[in-house]
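Please read the structure below before turning to the comments.
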């Protein structure tokens, strides 16, 4: 694969300084770039690394460009430029259209043009797969699912019945969508299952990481908005709603009926209780426990950070005594005030 | 599907007030119910919502019933009634009995009546599947497993050899049961694997959520009691025992040889250390770290709750200094006592 | 299966005291051992249990051996002896060599001698599988993967393209290796995917637990060293490096580009931020949050430990006020100093 620097500049919307016909064959990190590779520098503090790099061209900010010579693509956000040029050189293999003879496709399933159905895929009745979509080996699609255009589902992922996927989605391997939510009543100590008969609606341009599970709704649907990005090992319980363009990192868990706003970033290993809401543009750092609603945009955190094991053991004990500490301090404050007053009285 | 109100009243054990022959076609949430739907009200504070609902009948407590007219099913626990009526109207598709031609069933496998073996299922030697059980597409059942009556295993789940499942279990998609426990000795810095040759015994009426893994025992078996409900992404390590009717929410992790009692409720993202025990009727809230045995029924918790990121950064620093704070406070207390005594001496 | 005590002594490197020709038929825990079983005692405090055990032979330390009679295998680390004798008696079934007729193997795939390819396995183009390796039912191997000698991959595991597995690895069921890392740039609130075109390199003798996912690198490779042991449900993000012989317990999450040293032990549910490093021989306890690099060998911890729910609610509130407490205490300290000085002045 090769592109001229001019072609790349046009594709990523950057201003070209240098040789338009320069041939670029790959995008690489600054320190590993070879001749005819393109790289990027996002922050002024790394500008000096440009001189030691073998890259033939660099994507840089206008500020960084001022101090550099050579072939430059200048734009406000070089990281965005890097993302776009990476898409130009994307080498990820794509399945060919066609239906593998080992696939088991129920009668009446509607397949669009140029779909790819891999080996051992199983598609149940009533399913609609739109044009250009790819179901890789071992995928299972339950009854009455709808899969939009150009959506790719990686091997061994399972969609239960009644799941809707938008167009241009990427669903990674071993994902489960539409599994039963965790709902029971209790009768004399035994659990009585509440059948989970809602569905799951997933918007366009959603990416879902390996081992993520999205439960179906109890009665209404679980809903994932447009452009949402979910990393690996995420737990999305029944009737959760996630707003458009929110991104959630690995191992985050979201309990039932939580409503998460648009354009949020939620880091890894966050725990979100059920039946609460998080407003648009909330940013939650790793390991945070969200135990009640967040109503104002901003950054939120909880958790403790590491220390050596022996010191931690003491911290952990004192944590359990925190309210005692607080009361003791209040008592000291009071006594001190008393002593001051006594002294004032003495001195009068 | 439709039922008369009288039929529903009998099925859920409620007292009927209103029209016995009223036709009910679905169960719905109060705010989404339509004509001929049934809904429920559990708490007096929601009683006023009854008037704005389109539901044709309501399941309510005796107290709520007093203030309402119309078609009512009256019982102490309307949520239990809702669970039972939901089962009556359950629309979850069920696989048909029969063996799909693509299934690979070893010679000598014993299949009961009316079992359903889906596409691409693989069953190894020595397996026994009892009547009415359903193995969906892509399921793998290892050597010598035993699956009880009417148990349903969703697609792509894997049972290693020597796993016993009770009757009426529901095992969701991409579950793993019987994987090796994490056991090694160390020889000069290298890990020497301890083969995991115990099994896994799972009782009747157990439900296991998507992506949950239950490791086989090292020598003895891992044991899950009757009526246990496990949500998604749960980690059950080797030789864990979970008592009857305990329910555990998503992403909880239980380390090796932990013994959990009966009728416990363990919320999501709980971490339980190995080689400890939790008594019956313990209730553990989300994100709790159980680092030693729990010997008295009750509710237990740990963890920290979110604040704005800047305040949290200070809290996290102070947490590491908690023992210093404690000592400093003790010192202040002592000095204050000294000052009081000094003053008393001065005043004598 | 049976071995003489002499054979076992030689195999595990222990000194034999007792009857060399004694027949041993199994290895068992001390309290469940029967006649002709071997067991072990690691710690002096359990030595008294020897008398009530039915085991015909025991692996013990020299110190414990002094107080015991009967058939003993004496070595410094009886737990290591137990691991090795367990390997002698390992009853885990192993797949037979051969290619199941339902397997879908692309043209040109190179298979070594005695490989075992299970039912419904799918192998894409360009793959090399070396001698003695076993791919169990439903496994998917993407384009250009390389699998070393005697490596076993349990059912329904997925390897994306370009993944290298060493020799003698054990990869458990429903694992995903080579899924896309979580990388996006942001353009006016929408996420622009950065194609993940690096690979994954996994060394020899690595074991990977059920449901663990290892993402491929963004540009360079994700790297897992020799002899690394990963438990279940572990999240390894793009470009992470894990050093040789490090062991990591279940549910630990490692964010992108973190570099972990050799011979570390990382317990369960640990959260490790990205772009940091952990030195060799670091030991991290369960639930710890590693928010910055660890540069000195030792044991590290964070987190809080459980208390009754009501007390915890107070602790959690006070945690958010910790900096206020700190400031208040500083203020008290200052005032106390002032009072002392005042008193000294009064007394002059």
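First chain written, first letter: the chains are A, B and C, and each begins at residue 1.
Following the convention adopted for this analysis, a contact is a pair of C-beta atoms (placed from the backbone, for glycine too) under 8 Å apart; a residue touches a chain by one contact, two chains touch by 3 or more.
On a predicted model such as this, the values are computed, not experimentally measured, just so you know.
> Please report how far chain B has to rotate so that its Cα atoms sit on those of chain C, a copy of the same sequence, as a value between 0 and 180° in steps of 5.
120
> Answer with same or different: of all residue numbers used at the interface between chain A and chain B, are over half used by both copies?
different
> Any idea how many Å lie between the Cα centroids of chain A and chain B?
Chain centres of chain A and chain B, defined by C-alpha means, are spaced 25 Å apart.
> If I count partner chains per residue in chain A, which residues reach a count of at least 2?
Residues 102, 120, 138, 156, 174, 211, 233, 251, 303-305, 307, 312, 319, 322, 325, 329, 332, 336, 339, 343 of chain A each touch two or more of the other chains.
> Please name which positions on chain B make contact with chain C in the complex.
Per the touch definition, chain B meets chain C at residues 102, 104, 120, 122, 124, 138, 140, 142-143, 156, 158, 160-161, 174, 176, 179-180, 182-187, 189-197, 211, 213, 215, 219-220, 233, 235, 237, 251, 253, 255, 271, 273, 283-285, 288-292, 294, 298-305, 307, 311-312, 314-315, 317-319, 321-322, 325, 328-329, 332, 335-336, 339, 342-343, 346.
> Name, in rising order, each residue of chain A that touches chain C in their complex.
Chain A reaches chain C through residues 27-29, 32, 77, 79-80, 82-84, 86-87, 89-93, 100, 102, 118-120, 136-138, 154-156, 170, 172-174, 207, 209-211, 227, 229, 231-233, 245, 247, 249-251, 263, 268-269, 286-287, 303-310, 312-313, 316, 319-320, 322-323, 325-326, 329, 332-333, 336, 339-340, 343, 347.
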